[in-house]
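You will see two complexes here that share chain A, one where it goes with chain B and one where it goes with chain C.
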Partner chain A sequence: MSREIQEGIRVQARELLGLGEISCVIGYEQGPKGRVRPAFVYDQAGTDRLVWDQTCHHNLVVYLHDRRKGGKTSAASRVAVVARPCDVRALNVLIHEGQVSREEVFVIGVACPGMAEGATLQAHCQRCRERVPVFYDALVGEPARVKLPADDWSDVAELEGMTPAERLAFWSREFDRCIRCYACRQACPGCYCFECLAEQVDPAWVSIAHGLSQKAFFHVMRAYHLAGRCVECQACDQACPMHIPLSLLNRKIAKEVEALFNYKAGGDPEIPPPLATFLKDEELPL
Partner chain B sequence: MTESFEPRIVGFLCNWCSYAGADMAGTSRIAYPPNIRIVRVPCSGRVDPLFVLKAFQEGADGVLVAGCHPGDCHYGDGNYHARRRYALMHSLLDYVGVDAGRLRIDWVSAAEGNRFAQVVAELTEQVRELGPWAGRQEREVAA
Partner chain C sequence: MKATSRSDLLAWLDALSEQYTVIAPRMVDGELLYRPVHASDEVVLDFERTRLSAKSYLLPETEVILEIERQEGQVTLGEPRLDRDQVILLRPCDARALRALDALLLDRPPADAYYADRREKTSLIGLACPQLWDDCFCTSLGSAPDDASAVDVMVYKDGDAHLVEVITGKGRALMDGLEAEEVERPTPHSDRSGEQIAVLAPEDWPGLFDEAYWHQLAERCLSCHACTYVCPTCRCFDVRDDTTAAGASYTHIQRLRAWDSCMASAYRRIAGGHNPRPDKAQRLRNRYYCKFCYSPSDFGAVACVGCGRCIEVCPVGVDIAEMLANVAALAKGRSA
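Here is the complex of A and B:
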């Protein structure tokens, strides 16, 4: 399965770079220490570097932010990006928000078998309901025939079952480990502000102090800023060196957004995001 | 300790309705608990949910956000946006351990002096029962 996808990506990359319509292919390569890492391939010779397996968990859509900042991938021509279904939803969010235009990205969609964690799949892949991206320019791999389970939000419900004091204790324990490296923010396709509130000095919303309350403030702020935008790719969880279950925060909001507004991030571009619109007669729990 | 506990409550009141409602309570000589510290804002839609988060971080025991009744916003739709934001923020705060009872979102019109006093009294009592907020900034503990 992975081999097929890898071969498909290489074939696509060679062809695209050969035609000269694409300046760069963003994919994965074998890094040191036996782990894959993001790769930027600019010529056909480099396409053999591209790999794909079930440990390719980076959401490569974040590198499209670079285009706005005049980074390496900002050439006038299009770039191609290897994207799983969740990555494509993230790309969809960026397109909705006018950060990237659809025309400048060639999506090499991966029919994703899920990301491995040991012998099984990562938790978010186990409950993932999409094996094929919502859109793509080329699809590699065969969509796996799996029974797609409904999301029962059991991880969120477990926390909801606690008392507020227990939840405070739980999150204090988790946030206390945070080293404020901002890896979660850097890995997140939804976090693209030029100046993050966490680094803004005037006004200084978030103190740079290393106390628990500042760390908690940063994470709650980030979760709230991703309300109705988080696509649950769990790039933040993967990036966190302290193993803080950040997606548990994002999933709580995703759950509420789905329950209250029947909205799922990264879907139909015709539906306005929940916090950009309102209904006059809606009844909301306040 | 709990006997002497006086809740500190931050109230974000919209200029056009709720602040005028508080004014009405004052000019009508309606007593309400002095625990509330009022911040006047142009509209409930101006109250970024981070204001509330910041208030809790800085040591508020409770927060009130009040604006015009839905349909009465001076700017047309500010309170509708606020309503959606706080529906999410309220549950998120509860989820990270800020008891839902510490935050109240309500609508108070300029004529509802009585209602303003009642909302503040209810929230103050509720927060008093919940006790001091434990998650505030550490420097408070050190001092």
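Here is the complex of A and C:
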């Protein structure tokens, strides 16, 4: 499966770069120590570097923000990005928020078999019901024929089963390890503020201290800012050097959003996110 | 050289903890970290590397360097100091990394008073690595897994037992509580095999400043602070007067010093809003130039010990050892 996807990505990349339709393919390569990492390929010769396997966990959509800083994009700066279903949902969120325009990006969609964790799939991939991206310009790989169980939110139920005191103790313990490196935020396509509230100097909302209250504030604030926007790609968990289960916060909020608005972030190219929409006469479900 | 059993070594740590705060590798919720230990059974002696370095005990993540108390028109100032001497059990590279901190904060007057105080009150017990681990490259930076040059006492593993070598006078002062047998043994050597990476001399770096390579290298960089915070030699900090921290208010102000990272886009921003390093490639390049060019030229110490932590934690596989090899190749290409 991975081999087919990898071959498909290389074929697409060679063709697109050969036609001059795009300037760069953002995909994955193998680093010097054997670990997979993001890769930027600008010419056909480089396409053999591109790899794909079930450890390609980075959400490459995050790199589209870098490319916008140069200002208005032209056809030559159009890029192709290798994207799993969750990555495409992140792209969809960015399109709805006016951060990226659909025409700027050629989506090499991956029919995703899920990300591996040992011999099994990562928990979020086990409950993922989407093996094919909601949109793409080319699809690589064959959609896996898997039973797709409904999300039972059991991970969130565990959290909800705690008393407030237990929950505070749980998160305090987790956040205590945080080193304020912001890897979670930087790896997240949904976090693209020019200046993060956690680092703003004037006004300085958050102290520069690396204390539990600053760490907890940052993570809770970030989770709220991602309400209805987090696509559950778990780039944050993967990036965290201290292995804090950050996405669990987002999951709790995703559950609330789904219950209130019957909405899954980025799940439909036509439907804008509920917290970025206001309809006259709308009835708030609250 | 002294020979001692594992249990006597641990008993020694318990004895030391009566007089010192003993900081040693300990599992904390799944992460191996240098942390104060309450009893020696918490100490992990067989390990590769801790996730974070030991620098936070010399240059804390957050440190109150001045307390300003205002009451009834009176202003009083307080300068908190470390109240107890500390002993840190650490890898040789983490001890050696303190040289880079010393070079900036201690060696040239005026010394940083807070750092100097902690350094003075700190003794280092090295735990020799038997070999290089994945991502490590200390031998490429003039060191070795058993480098005893920066510790006060060195502990080597010897089968199930340990050999203990006193290196400095400060180390000798720690030895009282150790049950050990004096033995005539040569200093044990660790396995030094591993890839040797060519590291350019400081004077060879400036000519490569404008290479397109830095932009290629940084393309995948996310500009997070992980590499700088896990790094045992990165020593940048920010200082601010704070009334929002716990315990601070408008009548009680704390002057805080906290770690800062040159990877942050606002790190170099100056009054008026100008930012001389707005691009992440400029920032990543600066981090490496700081380590291998500016620090050795300005302060006399390369600010990298090859511990491999930044390689291990980088979420996107930016690899300092790969960079060193690529930069050496670039320099060679230029001179050819």
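We take it that the second predicted complex is superposed on the first by the 266 of 286 C-alpha atoms of A that agree within 3 Å, B and C clash if a C-alpha of one lies under 4 Å from a C-alpha of the other, contacts with A are read in each partner's own complex, and residues count from 1 in each chain.
The definition used in the following text is that a residue touches a chain if its C-beta (ideal position, glycine included) is under 8 Å from a C-beta of that chain, and two chains touch if they have at least 3 such contacts.
In this text, all values refer to a predicted model and were calculated from it rather than measured experimentally.
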Partner chain in contact with A:Gln238 - chain B first, chain C second, else both or neither: second
Touched partner set for A:Tyr182, first chain B, second chain C, both or neither: second
Partner chain(s) touched by A:Phe278 [first = chain B, second = chain C, both, neither]: first
Partner chain(s) touched by A:His58 [first = chain B, second = chain C, both, neither]: second
Contacts of A:Arg35 with chain B and chain C, given as first, second, both or neither: second
Touched partner set for A:Glu160, first chain B, second chain C, both or neither: first
Partner chain(s) touched by A:Arg129 [first = chain B, second = chain C, both, neither]: neither
Which superposed partner A:Glu199 touches (first chain B, second chain C, both, neither): second
Which superposed partner A:Ser213 touches (first chain B, second chain C, both, neither): both
Intersection of the chain A residues that touch chain B with those that touch chain C: 211, 213
Chain A partner contacts - residues on chain C that touch it in the complex: 28-31, 51-52, 61-62, 134-135, 216, 219-220, 222-226, 228-230, 238, 240, 242, 244-246, 256, 258-261, 264, 266, 280, 311, 313, 315-317, 319, 321-322
Footprint of chain A on chain B - complex, ascending: 49-50, 53-54, 57, 70-71, 77, 80-81, 83-100, 105-106, 134-139
Of all residues in chain A, those that touch chain C in their complex: 31-33, 35-40, 58, 62-63, 66, 173-174, 177, 179-183, 185-187, 195, 199, 201, 204, 206-211, 213, 238-239, 241-243
Chain B-touching residues of chain A, taken from the complex the two chains share: 159-160, 164-165, 167-172, 197, 205, 211-214, 216-217, 220-221, 223-224, 227, 249, 252-253, 256-257, 260-261, 274-275, 278, 280, 282, 284-286
